[in-house]
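For reference, chains read A, B, C and D in written order, and residue numbers begin at 1 within each chain.
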Amino acid sequence: MARVVVDVMLKPEILDPQGQAVANALPRLGISDVSSVRIGRRIEIEFAGAADPERVREIADKLLANPVIEDFTIQEVAEPATEAEAEAVPAGDPA
Amino acid sequence: MARVVVDVMLKPEILDPQGQAVANALPRLGISDVSSVRIGRRIEIEFAGAADPERVREIADKLLANPVIEDFTIQEVAEPATEAEAEAVPAGDPA
Amino acid sequence: MTTQSDTASSEADEASLPAQVSYDNLDGPDTVERAGATSDELQPFAELGLRDDEYERIRGILDRRPTQSELAMYSIMWSEHCSYKSSKVHLRQFSEKAPPNDRMLAGIGENAGVIQITDELAVTFKVESHNHPSFVEPYQGAATGVGGIVRDILAMGARPIAVMDPLRFGAADHEDTARVLPGVVAGIGGYGNSLGLPNVGGEVVFDPTYQGNPLVNALCLGVLPVNRLQKKDAAGPGNIVVLMGAKTGRDGIGGVSVLASATFDDGSEARRPAVQVGDPFTEKLLIEACLELYDANLVVGIQDLGGAGLTCALTETAASAGTGMRVWLERVPLREQSMDPHEILASESQERMLLIVKPEQLDEVLAVADKWGVLATAIGEVTPSEVSGLPGRLRITWRDHLVVDVPPASLVDDGPVYARPMREPSDLILLQADRAETLPRPANPDDLRATLLRMIASPNLCDKSWVTEQFDRYVLGNTVLAQPEDAGVIRIDEESGLGVALSVDGNGRYTRLDPYNGAKLALAESYRNVAVSGAKPVAVTNCLNFGSPEDPAVMWQFAEAVRGLADGCLELGIPVTGGNVSFYNQTGAAAIHPTPVVGVLGVIDNVADRVPIGFAQPATGDGDLIFLLGE
Amino acid sequence: MSARVGVVTFPGSLDDGDAARAVRVAGGEAVRLWHGDSSLHGVDAVVLPGGFSYGDYLRTGAIARFAPVMESIIDGARGGLPVLGICNGFQILCEAHLLPGALTRNSHLHFRNRDQWLRVSATNTAWTNSFESDQDVLIPLKSGEGRYVADQATLDELAANGRIVATYQRGNPNGSERDIAGVTNEAGNVVGLMPHPEHAIEALTGPSLDGLGFFTSILKHLAGASA
């Protein structure tokens, strides 16, 4: 059983209204030293068997990310980590 | 300058219709061995100076995640990694 | 001269561009001084969509070669989209044939037409296209289409109060439709719902002609007190130019990125034109801030930033007043610090407005912006006309380098105007010969039943609630009629019950068969829809969606449709108050069906008298009588 | 003197004008409150209206909850001040932990605007005392994140103590747990409701007049309290 994490973020030049809204709210929580916030999606995929990197890339490209405005990175995670004690192990498989 | 990543995922017992929609679309791509898809948020925060783990935890707990339905994990990332070649280095700072 | 590849070249294959001068290793930006000294330097004007003679005209106007920034500005302002260079000669009929009308406070040429409906109140409405961006990125394309038309209405001094969305997609079961339609509908809802604008009608039409080129048109209605009408004039030398709203990023810079570098090496990848992403929250704040500024009389002139960004707003406001302008471009708040001057001038970042304000009121203006949490920055000032008596010049510096020095009107009014060749499509006679009368008709009850079932099952006739349920139609509490009614009816005045009715209609298939009558039919349908709601039609807006104007057959369709619409308006006695032309709607050489979409606005003295569709339930005894009017 | 009902405007509020109109139509005085002003200006009750406060980009209601006015409202609500959260207001009340549970993305993932039948099952709250028990009402629903969720223990507790204010009838429009359309706190002064009663107060513009009951209820409640 393999677990893969696909992180999808807006390309750097694309406006990120979500991140901006959070960044603007932080000073009200007394936090003023944040220079930028970007918000994307984290997608956890669990395979019944092994995860074929090519197939994962295809899923990410076709279904999870919108290549017009988003980039994605793929990591295989050692252990299903549903609970809080997650330790992401980067598989270094950037898009 | 520190970069922190907060991952926010719905608690396992909460229905994730977005993840389900992706899972349901996979067979159309010829992929049938995925047992689950969960979609959450990835929030990248850049601090002007160092990131105080306590403050990050507070932001995550108060603002970024809703503890009624969501769990979060925090990782400090070694290097600003705006571009595609991101390599997440887990700082092992789970919530 | 049957085809001209010039205006389409901004969409040309980048890899095939000839080598041009590279500005990359310049020490600082390309300045006016440098342009004067290197007047023979080769410039990539053709890649920016300018023809040889257009480029020569620019050199003539400036008496030197344009700087990199100026070249970008001319190429944008003289593009089909901004200059209406192919349509202008035809659109004139809308004014020439317009019936006399003393209620039209603003008409064609303004951001939107304004019609006075009582001593105190006026309404404004306009429909615009966002077809191409919606095909590339359906959600954001449609969303920013709504955002753009709302800012047009806002710029007139009006509060936006409703939207409509005439949509056309390819075949319902085609995979492109499956990709595009859900995103478009979600985008229109996502933006309009977040602004709190009720969606009171539209169209969803499926036809294979729109397969590679869906039509996403958006209409906005606004209301204003007559004395709040705004102008775009940058009047009053010494007045301050303020940019309000979102930061400027590399959104939709399009062909202008050609200027960054002539060679498309790996490094230029990041400079590719980026899709515009909408931020409805910022737009909502922008609306509230603008309205508060209008009500406090703090605005001398205002213009929204649309397709041509700062370039358009700066030149139009100055040209409209005949003044000059001095702009310090480095004051523009940027999302990406590495942006070059020409990129800032060409950026299509959304949710921005340009304001002209009096210096002594600047602080008040900034305070209102701050109250609503909107960024507002003084970036320049209005300057007088030249000592020679000529209109003022637009001078823009970038960190003390003069990068633009142009007569603003040369970009706005002196663009090229073409009487493009026209020819009736060669297949038209055949199409027209194939009469509907020759089609088999259902001859018995079974056939009739089968035909009826087929019609009911047609995606074009079926229930549209899957779409309309994604739109808020209740917000603002004045929606008297909305889908599935023939026209949307909005109450304007709670005391008197005064309201307006709106409908948008078009039929590409009719127009393909007969552009003149097809356009008239679209007008007639929209007019009828408004009339049957109980309102008196008073004004027309339109969005003319056509193929390439360089194709004589398309140009003929366009000319005929405009003639038909203008004649129809004359016959019905209502004016066209504004609209939008969208050319180049085609896939390869195949143009879409010519699709004029016509919006009609009517006034109803008391919305309690509106007439809904459907038979009313008889309150007492006798049922209502049914009449069929017409032939 | 008529009761004074505050209506809060956050940046991004959309139905604030409609909520104020509903208060007026019911016979009360609507007092507009501003998100950045922590004073409640002596109002007798508060409505948090619908909309997309602060854009709602992160999570609905997440940022609005930290507005200065909310601090006063949270304090007031704990002391018995009647508060009605409609749609986005309901989301804000959950984020502020004045109400249990959370509102999440509709299970079908679409925004949905529909005339919705509801059953008003709790009529002992400050905002529902004008209704008959189990009265069915028709009220517009319009939301993309209206699916009410809470853990089973909370849901059981809400059901057992009559704290489910309204449930969806004739079909669940968004996948809410136990068809929940609205809940109240233990004291019955704070109510959250996903559908929009302020859009059902006039025959010309709404599907019914049923929404008015929520606004006449609060006036009745306040009159009773001051009598």
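As a working rule, contacts are C-beta pairs under 8 Å (C-beta built on N, C-alpha and C of every residue); 3 or more make two chains touch, one makes a residue touch a chain.
What you see is a predicted model; the values in this text were computed from it and never measured.
Trainee: Tell me which has more C-beta contacts between its two chains, A-C or A-D.
Mentor: Output for the comparison: A-C.
Trainee: Calculate how many whole Å lie between the centre of chain A and the centre of chain D, each centre taken as the average of the chain's C-alpha atoms.
Mentor: The separation of the two C-alpha centroids amounts to 35 Å.
Trainee: How many Å are there between the centre of chain A and the centre of chain B, using C-alpha atoms for each centre?
Mentor: Taking the average C-alpha coordinate of chain A and of chain B, the gap between them is 6 Å.
Trainee: Find the geometric centre of each of chain B and chain D from their Cα atoms only, then give the gap between the two centres in Å, rounded to an integer.
Mentor: Roughly 31 Å separates the two chain centres.
Trainee: Would you give the residues of chain C that are in contact with at least 2 other chains, written as numbers and ranges?
Mentor: Residues 279, 281-282, 373 of chain C touch two or more partner chains.
Trainee: Hunt down the residues of chain B that sit against at least two other chains at once, touch-wise.
Mentor: 63-64
Trainee: In chain D, which residues are in touch with two or more of the other chains?
Mentor: Chain D, residues with two or more chain partners: 54-55, 57-58, 63, 66.
Trainee: Pairwise, which chains touch?
Mentor: By the stated definition, chains touch in these pairs: A-B, A-C, A-D, B-D, C-D.
Trainee: Report the residues of chain A in contact with chain C in the complex, numbered from low to high.
Mentor: The touching residues are 10-17, 20-21, 24, 66, 68-69.
Trainee: Residue numbers of chain D touching chain C in their complex, please.
Mentor: Interface residues on chain D, with respect to chain C: 11-12, 14-15, 17-18, 21, 50-52, 54-57, 110-114, 140, 142, 144, 196, 198-199, 202, 204-206.
Trainee: Within their complex, state which residues of chain D touch chain B.
Mentor: Counting only chain D, the residues touching chain B are 58-59, 62-63, 66, 94-95, 100-102, 104-109, 147, 149-151, 175.
Trainee: Under the definition above, what is the set of chain A residues touching chain B in their complex?
Mentor: Going by the criterion above, the answer is residues 1, 7-9, 12, 19, 22, 25-26, 29, 31, 33-49, 55, 58-59, 62-64, 71, 73, 75, 82-90, 92, 94-95.
Trainee: Given the complex with chain A, which residues does chain C contribute to the contact?
Mentor: Going by the criterion above, the answer is residues 136-137, 140, 246, 249-251, 270, 274-279, 281-282, 335-336, 349-350, 373.
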